[in-house]
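Some structures are shown below for you to check.
Look for chain A in each of the two complexes below; its partner is chain B in the first and chain C in the second.
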Partner chain A sequence: MKGSTVNLDLRSVSVDTETEVILKDISFKFEPGKIYVLIGRTTSGKTSLMRTIAGLIEPTDGEIHLGEERLDEVPIWDRGIAMVYQQFINYPHRTVLNNVEFPLLRAGVSKADAKAQALAMLEKVGLSEFKDRKPSQLSGGQQQRVAIARALVRNTRVILLDEPLMNLDYKLREQLREEFRTLFKGTADSVTIYATTEPSEALFLGDELLVMHEGRVIQHGKPDFVFENPSSIDVAQIVNDPPMTILDAEIKDGKVNIGNLITFPTPAHLKSEKDGKYKIGTRASEVILGGSESNSEEGTVSLSEVSGSETLLYVKLNVGEVVLQLEGIHDYQIGQAVTISLAPNRIFLFNMDGTLCAAPGN
Partner chain B sequence: MKKILKYSFIFIWSTFVLVPLSWALVTSFKPPAAVNNGATFIPWLQFQPTLDGWKDITGISGYANLFPPLINSATVTFFSTLISLTFGCMAAYGLSRFSYGWKNYKNPDIIFFFISQRIMPPAVLAVPFFILLKTLHLLDTKLGLVLVLTSGLMPIVVWLLVDFFNQLPKEIDEMAMLEGCNPFEAFVRTILPLARPGLTVAGMFAIIFGWNDLFFALVLTFTNVQTLPVAVVALNGTVTPFWTLSASAIFSILPLVGLAFVVERFLSKGGFAGAVR
Partner chain C sequence: MTSKFYKRLFLLPGLLLLIAIIIFPLLFTIRVSMANWNVSHSGLDWAGGANWARMFHDVNFWSSLFRLFYFSFITTTLQYILGFTAAMYAWKGFASRRFFRVLWLVPLMTTPSVMAIVWRSIFREDIGAANGLLSKIGIDPIAWSTQIFPATVTITIAEVWQWTPFMFLILLAGLLSLPKEQFLSAEIDGATPWRTFWSITFPLMAPISIGAIIIRLIEASKIFDSIFNLTSAGPGNSTETPAYYLYTRGLREFQISYGATMGLMYLILAILTLTILGQIFARVSKPRGI
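Here is the complex of A and B:
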């Protein structure tokens, strides 16, 4: 099998229950050796898509192919797919070493080989010294490493990671994310699919990004391309954290008017757009605090929160609420008056139906 | 103040529970004169203990021998517990993990149906069971009694274990299946080992209920398969002296007390702790 490409091919896969649509007509070809990141909000269908590939959910429609094989007709236990859950799932009654050996032994590897491979994998994830402990005697991060070791040790054709860093604290998350890149580099024969709600993880890990919304893949492509060219307001909101601010605007006589107060000459990248009503989007990190020109407006702080080494400021304007991301930690009172202005050359322009009209580019 | 209340309550309740038992224990070692002399509790001081009562029930004096009924009880309890645990844990696992049903009747209704069999007083079932066993030529046989007891023990086992399985994360079974176990293997290799504390509790309940069953044994067996409760009750005529009766009562609970000590040790050794996170 080595060297040959075994694609994971979804053909119009749909899942629905009596009352709701969970996955809607998803077609996509995953290639081995790449990390595919599924990004979407909590109920967008990321987990359902993974569970469908794994066989834990039966598709109501469509086909799943893995190479020559019709995967959706193979029972779960014969699919040879590894999965890491958001919760740290290990076998509580087995030691760390036995946990990692288990999938190998089930796959028919001899006892001695299984032990050697499991030990090597534990070495890789940095858990060698804990091999004789029970999972419950480890910290959350270590437990998740055991789960990852179990998933990787078998060298399966498909590896699914369902928000594996979600339940960890911030610092561990960054550390493990770093390790993931090296860990998954060695899996050139596997299709790796990684689900997350965090744009930063997607940009850091992904070779290819699939944006999911309400059970559909609404955009896919290279992560930085999607980030710079979101095809719709939904995508823009999902791939930006904090979400992109969206305001009503109008282009008229060579000027962009946002509400009654903010107005500026149409920037170069929007010059070719016709006059009319639009929605504009601006990233929190690109909103400017202060400014006294015509493109500024005074508003009041409705919420201020510190996230890591940044301060998020929610400012209420006449046209709506704008989210502002400031470097460093700042102290703002709710109700405090602040002036903000927009960066005209960083504006995303969307049609009224939400589709992208123009992006500022890089 | 709170402490005084608490301890006095504990004292009153344990007196209530323990005095009859200790009285029976003491009485089993009393000679006739001591029994008729009013309430005495302290051997050697208040009376000279004898083994007459114990000799009467162990066949030494030729009065009665409770060992054959003990073996009958043990056999019947063992097999009915084994059967109800084996099939009960599978039923409970199924009810915990899969959904069954017909029209509006779903898993909770099935579970209620199981436990509802215990709501009925056993007397209601006596005649039907008698006729059933008679037709099958199973009256006064161990097999017949085992089957009837199992029908009573299974609901308890299922009811207890469904709840226990519900507490084990479903993802563990899924993981096992993803790693090459079919559903039955996932159950046997990962869920059952984790469910050991639950199985122990359910098994203990089954043993206690099975061991203490008097009603069905009385109705459905006669001379061949006399169980311990039946044998003890049979002694309870006017002819059997008090010390012998007391000895028989203590004799019949001794195995359970011994088992309770063993199981208690097993459970506290780490059964529940750490099994479910």
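Here is the complex of A and C:
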């Protein structure tokens, strides 16, 4: 397989049970050497899509091709796929070394070679000194590293990572995310698919972003492009954390009116839009606290939470709730009055049906 | 009245019960084993180690012990293999799981001695169903109860039939309690179902297996009702186990002292064997980290 380009090709793959549709008509060509990030909310079908590729779920419709091979007709154990799960899944009765050797031995690698390769892989993920321990004697981050070593060691054509950092604490998450970039660099022959709910991970790791929503891929493209040009409100909500604030608005006579209180002249990027009713979106980090001009409104704090080194403020306005992200840690009381204004040149404009009308650009 | 007093007071009923049902009988049995209590002579006179000496020379006792080893080993092994296979089938949902579970429990719900009588009629040489079936496929009738090997087979079949469901139940409960993820990830790692069984399922099931096997070994060492009803230890004494031999000597011939001696010896050997087995099992499963 080395050197050749073996694409993973999904052709209108659907999965449905009697009661619900899990995946709906997904067609996509994955190329080796790239990291594809699946982003979506918890029930959007990311895991189902991975399990379908791995063979744990049988597609009700469609075909999966890996190069010349019809993958969905191959038994799971012959597919040559590696998968890392959200939970730290290792073989509890085997040592760390035996865990990493396991897939190699199953692939028919000789015992001596398997040991050598497993040791090299453990070195790479920084677990050499723990090779004789049982997974249960390791910390969460180390356990997940074992699982990752097990997935990478066999050099499979497809590597699936299903929210591998989900169950780790914040610090470890950032550290492992950093390591992932170097780890996956060495897998030029593999298609790497990485599922996450975190936009920051997607932007950091992804060569290509697939936004999933209700079992479909609703947008794909370069992560920063998708981030700057979300094709719909759904995408905008998914690729922004905290989710984008969406408010009803009206463009009329060269002005943007939001709930009659916030009004500002139509900014440059919206100049060509027709008068009418729209929905506008604004990122939490681009909402401005304060402002005395006509584009501000006073509201009350309904929730204030500190997340890392930032403070999230949920402010109730007449037009709806606005999420506001502030640098640093601030103390706000629930019910406290604050004034909010929007940055006109950072406004996303959506049609009433939710599709993107205009984005502010970079 | 300190709290210590109350603690002891409340422990007393349990302690008395323990003394009444375990400690006193045990000490009394030891004393009886050193007396000459039999059908013509009752009471606790002093016979020293006479009964013990007699036992060490009693070929019947020792051969019954070896027979017991054979029976426990064979029946437990068969029960384990069959029970595990059935549990795997039920677990994988190949057969309608609920239906099978109920069906497999039928033997457990029957009375062993009643079943032994049913088995006896099945294995009757003249009108039994077993020989009837064999004759249909052209095999000569087998003398189930008058030949040593067929008699052994009869008891083995009855025991396996009766107790395999117990293994099935415990092992199925064990399988259902295992986390599923390892199995999925083993498959993805390239393990065939056969490989997955030997590398993942079997080692993960070791603690439960050991528990089930030890419980069955203890139960199997008490084997009595099926022998009593099926072969009456015959032909000759070729299917006689210690429990049966003790019953014959101690209760039927009323050699109370001698029965007590053998009972104690049996107790010592059972404790030793099970301890050693427990140690071996623990050592076998430990390197695998269970």
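Keep this in mind: the second predicted complex is superposed on the first by the 362 of 362 C-alpha atoms of A that agree within 3 Å, B and C clash if a C-alpha of one lies under 4 Å from a C-alpha of the other, contacts with A are read in each partner's own complex, and residues count from 1 in each chain.
Keep this in mind: contacts are C-beta pairs under 8 Å (C-beta built on N, C-alpha and C of every residue); 3 or more make two chains touch, one makes a residue touch a chain.
Computed from a predicted model, the values in this text were never measured in an experiment.
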item: Contacts of A:P103 with chain B and chain C, given as first, second, both or neither; value: both
item: Chain B versus chain C as contact partner of A:F28, first or second or both or neither; value: neither
item: First (chain B), second (chain C), both or neither touched by A:F204; value: neither
item: Touching partner for A:I76 - first (chain B), second (chain C), both, neither; value: both
item: Chain B versus chain C as contact partner of A:Y85, first or second or both or neither; value: both
item: Partner chain(s) touched by A:T95 [first = chain B, second = chain C, both, neither]; value: second
item: Footprint overlap on chain A, comparing chain B with chain C; value: 54-56, 76-79, 81-83, 85, 87, 89-93, 102-103, 106-107, 134, 150, 154
item: Residues of chain A defined as touching chain C within the complex; value: 54-56, 76-83, 85, 87, 89-95, 102-103, 106-107, 134, 150, 154
item: Sites on chain C touched by chain A in the complex; value: 181-182, 184-193, 195, 199-200, 203-204, 206, 288-290
item: List of chain A residues in touch with chain B within their complex; value: 54-56, 75-79, 81-83, 85, 87, 89-93, 102-103, 106-107, 134, 136, 150, 154
item: Contact set on chain B toward chain A in their complex; value: 169, 171-172, 174-182, 185, 190, 193-194, 274-277
